[in-house]
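Consider the two complexes below, in which chain A is the common component and chain B and chain C are the respective partners.
After this line comes the complex of A and B, so read on.
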């Protein structure tokens, strides 16, 4: 990819490593993550619980607890500026204004003691120099945009008076208040029931079209991915294992993990007693294998090299990347050399 | 979408204003009869004490040999003590001292406790360690001995010294409670969400977290008020509190240390004792009322 193209990306993540201190040792929750988000694009990040999806979103926002976590290497380039090196003060200018975030739990993402109006005004006051009146007008506008009927009334209400779907709409209204260039949505519909889910996703897509922002959608629901994504990133145990356009991913998944994920979706036309699952769990941070593929233990296609050789993320098709030793491209130069030596 | 006329549902008229959590708490508190009665009682006691000089034209510290130990009469409703001072007048002026000490100590303590507890809980880590070790250190002071020593040093400085001494030694418990509440409160997603919209950490602490722990602070403050009045009376009873010349409920109780007075002259010690008990009781009822009002699970 040329430098020029890179500059156009909203977000460029390069070689990101984020770790947590456990018993004074740094254990990486995210290893060597590289990807980018183009303007107006919806990128979905998929993976099981514990794969590092949320840690990645918090790394982008620089919201990780400083006490026990650390971005040990890599860059998060937002519009060409490295966020990792920004001071807390500079980040406060960016948070909410250029990058906004929607959290998973609309029940707790709003402060229970303040009215909706107060909280919506807060984000406006944080970044704009406006009067309370203007802020109220803007808040009403925003609430209308997210499909809340009687916004004037909602403004004076408190979070506990709203339903989950309404609260998530309010959270979205706050997130889009300053027309951010990037919206990070961390499982925005997980806590909602299915009908509301569909509405919220529809709303996000709608708004994205209107205000021209890029969305990084974190989810573990492949249905959501199919509905929303332009491009999909599959993560496993802190690493990207596959990256492809949404069509490619669903029609020809390359990595066994992705294949297993797709197999795990219940199908209406199938009559089976048992649903397909992936055996085992994601290894914990302390028990992460040093070398080899991290999916080996659970992989139906694992073979001799898997626990020994660490696969690299490599291009296996047009704009389709995977990290699996089934594809020769994924042997890095050194490791493939090691393999040859061993074979001799 | 146009709703057709025959399908419109008659909605209940909307309430004028939505109730905040504070509004709900207030409503619950007002409905709590013991708490409201206590509040009124405390208010009356405070008002009477405050207007002591208007209600009685007798000088509370004037010694009158002709009135020594007179029993209650029409002129002196509760009689006079062994120095011939009118009991009712002393109760009024004494209430002024006792309540002043109680309220001032409570204000100072809750301020210190809130600042230390909130900073400690919010910033955590090293800040927390330092502040909490300091708190432990303060906690380990033997209260009574320390007060007695300090009172011996500042022997003539009166009520102000007592307030400061009691306050400096009593904020630790409340600080710990507030700290733990802040620690659990800051894990809530709304804190992260506030930071993610570009709110400064100091502002998050003061504007987002503090209002959410305010209920704890208020309950702590009420309990402290009761405890501080008890502390004052206790110390004064022992002779280490308010200077002897100044009337206070605790000082009045001192008379009961004399067995003869205790057996025969009930009007000297019973009224201040009763008043202390009722005041403490009412403050505790108010505290319970606050606790109930702020607890979303209580059904009152």
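After this line comes the complex of A and C, so read on.
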């Protein structure tokens, strides 16, 4: 990747390490994360619970609690500016305006004691110098854009008067209010029922087309990935284990973890009594192995080197990266993706 | 809301009625009556005492006495005070303004102090300042109010001489003048502080804990993601949520403070309803005791109603209907 290409990216994450303090010891939840998001692209981040997806999104927003967590290394470059070094005040000008975020739980993401109108005006007042009336007009306009049919009325209502789907629409309306260049959606449909899920995803795609923003969609639902993604990043235990275009990932997954994930999707054309699962769980932060591949214990293809050699994320095919010792490129740092990033 | 309020007021009537039964019979179970102790039995003709008892209705069957009393009660006649030789209602009304002043000052002190302390501790939890606030809280919670009252009197009044320790008004001050009002408030501050000590400690703790809890809510993270400055997150998003339980306690406080004034007014010899209550018990002035108890009952009920109404006012999720 050339320097020029990288400059055009909305987001470049380089060598990111984020850790939590547990009993005064820093345990990394995210290690050596490198990836980028191009303008107008939808990048999906998938993985099981506890593999660091949400920590990564909060690291980008600089929203991790300062008391017990820390970005210990790496850079988050947004439009070429390193967000890790920004002050709280500078971040507040970026949050909500240039990078917006949608959270998993629409039921609790809105403050119960303020009206929808108040909460929508808040994000506008945070970044624009406008009157209350103008803000109301804009809020109504935004609510229309996310498909809410009686926006004037909704403004005076409180979150508890709306359904989950409606609330998520309101949250999305707030997120797109200032036409951000990047939208981070952290499992935006997980808490919603299936029909609403489809509507919300459709809405996100629709809006993305209209306002030209990039979306980083965090999910554990491969169905959502197939529907939405341009590119997919698979995470396991705080590391990226595979990165590929959506077509490549589904047709020729390289990493055994990705293969297992795809295997565990129930197939319409097969009748089985038992669903495929991956045995075991993601190791906890304290019990993360120091060396070797973190997936070794659960991997069906594990062999002698796996617990001994730490694999690197490396290019295994055209624009297809994996972190697995089944591929020779992953043995050496010299051939790794991290090196590639360093060199530009 | 109006219908709800009216319905609640309607429910109050049977409650007041039930309490009145308990109050009346308990008062009558107490040994002696208004004539014992007041009249020297050696120098008075027993026949005269008996005649007075008959005249006052003390020899009637107890339910007749009760019916007489309760029917008077609903007509605003609380009976006569034997000690003060005036209607109990008038007696209470003459003392009530002092107690109300005490309650109002106590509430103002409580809310200002606990709001400031709670907000500070909730905003900066697990810091030195927070620990300091907590030490004060536990001290206030652990110390009985009469001990606190004595300490206040000794240090603030006698050692420092800042505030008066007894009475409700300085001598030689004319009603209606500015000095009169100042003197009234000055006399109310120490007893109010003692009355407020317990609520201050519990509200501070309440507010602090609720703010810490609220600060971890999803909507706070959402507000941060919207670019809302930290100061506004605390002053609006968190505080507005955390203040809900405190505001609703205001209603309960009303009754609590008047109940607490029974002890505090006696210690400060503050001529309010609480002192009257204790004096009346000592003098076996039952009519006044019963009237004050009924007043406390009504205050408690009104307090509870206010608590519910405040709740609906500050929390949009609560709808009373």
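Methods note: the second predicted complex is superposed on the first by the 332 of 344 C-alpha atoms of A that agree within 3 Å, B and C clash if a C-alpha of one lies under 4 Å from a C-alpha of the other, contacts with A are read in each partner's own complex, and residues count from 1 in each chain.
Rule of thumb we're sticking to: a contact is a pair of C-beta atoms (placed from the backbone, for glycine too) under 8 Å apart; a residue touches a chain by one contact, two chains touch by 3 or more.
As the structure is a computational prediction, the values presented were derived from the model and not from experiment.
Student: Judging by the criteria at the top, classify the pair chain B and chain C on chain A as clash or fit.
Tutor: Pair status: clash.
Student: Counting only touches as set out at the top, which of chain B and chain C does A:236 meet: first, second, both, neither?
Tutor: neither
Student: Classify the contacts of A:327 with the two partner chains as first (chain B alone), second (chain C alone), both, or neither.
Tutor: neither
Student: Please indicate which partner A:257 is in contact with in the superposed arrangement: first for chain B, second for chain C, both, or neither.
Tutor: Touch status of A:257: no partner.
Student: Looking at the overlay, what does A:295 touch: chain B (first), chain C (second), both, or neither?
Tutor: A:295 sits against neither chain B nor chain C.
Student: Who does A:153 touch here: chain B (first), chain C (second), both, or neither?
Tutor: In the superposition, A:153 touches chain B alone.
Student: Looking at the overlay, what does A:109 touch: chain B (first), chain C (second), both, or neither?
Tutor: It touches chain B and chain C both.
Student: Taking the superposition on A as described, I'd like to know which of chain B and chain C A:78 touches: first, second, both or neither.
Tutor: A:78 sits against neither chain B nor chain C.
Student: From the superposed pair, tell me which chain A residues show up as contacts to chain B and also as contacts to chain C.
Tutor: The answer is residues 61, 63, 88, 92-97, 100-101, 103, 105, 108-115, 122-123, 126-127, 158, 160, 171, 174 of chain A.
Student: Can you check the complex and tell me which residues of chain B touch chain A?
Tutor: Residues in contact with chain A: 14, 17-22, 124-125, 188-190, 192-201, 208, 211-212, 214.
Student: Write out the stretch or stretches of chain C touching chain A in their complex.
Tutor: Within the complex, chain C touches chain A at residues 217-219, 221-230, 236-237, 240-241, 244, 314-317.
Student: What does chain A use to touch chain C in their complex?
Tutor: 61, 63, 88-89, 91-97, 100-101, 103, 105, 108-115, 122-123, 126-127, 158, 160, 171, 174
Student: Which chain A residues qualify as touching chain B in the complex?
Tutor: That would be residues 61, 63, 67, 88, 92-97, 100-101, 103-105, 108-115, 122-123, 126-127, 153, 156-158, 160-161, 171, 174 of chain A.
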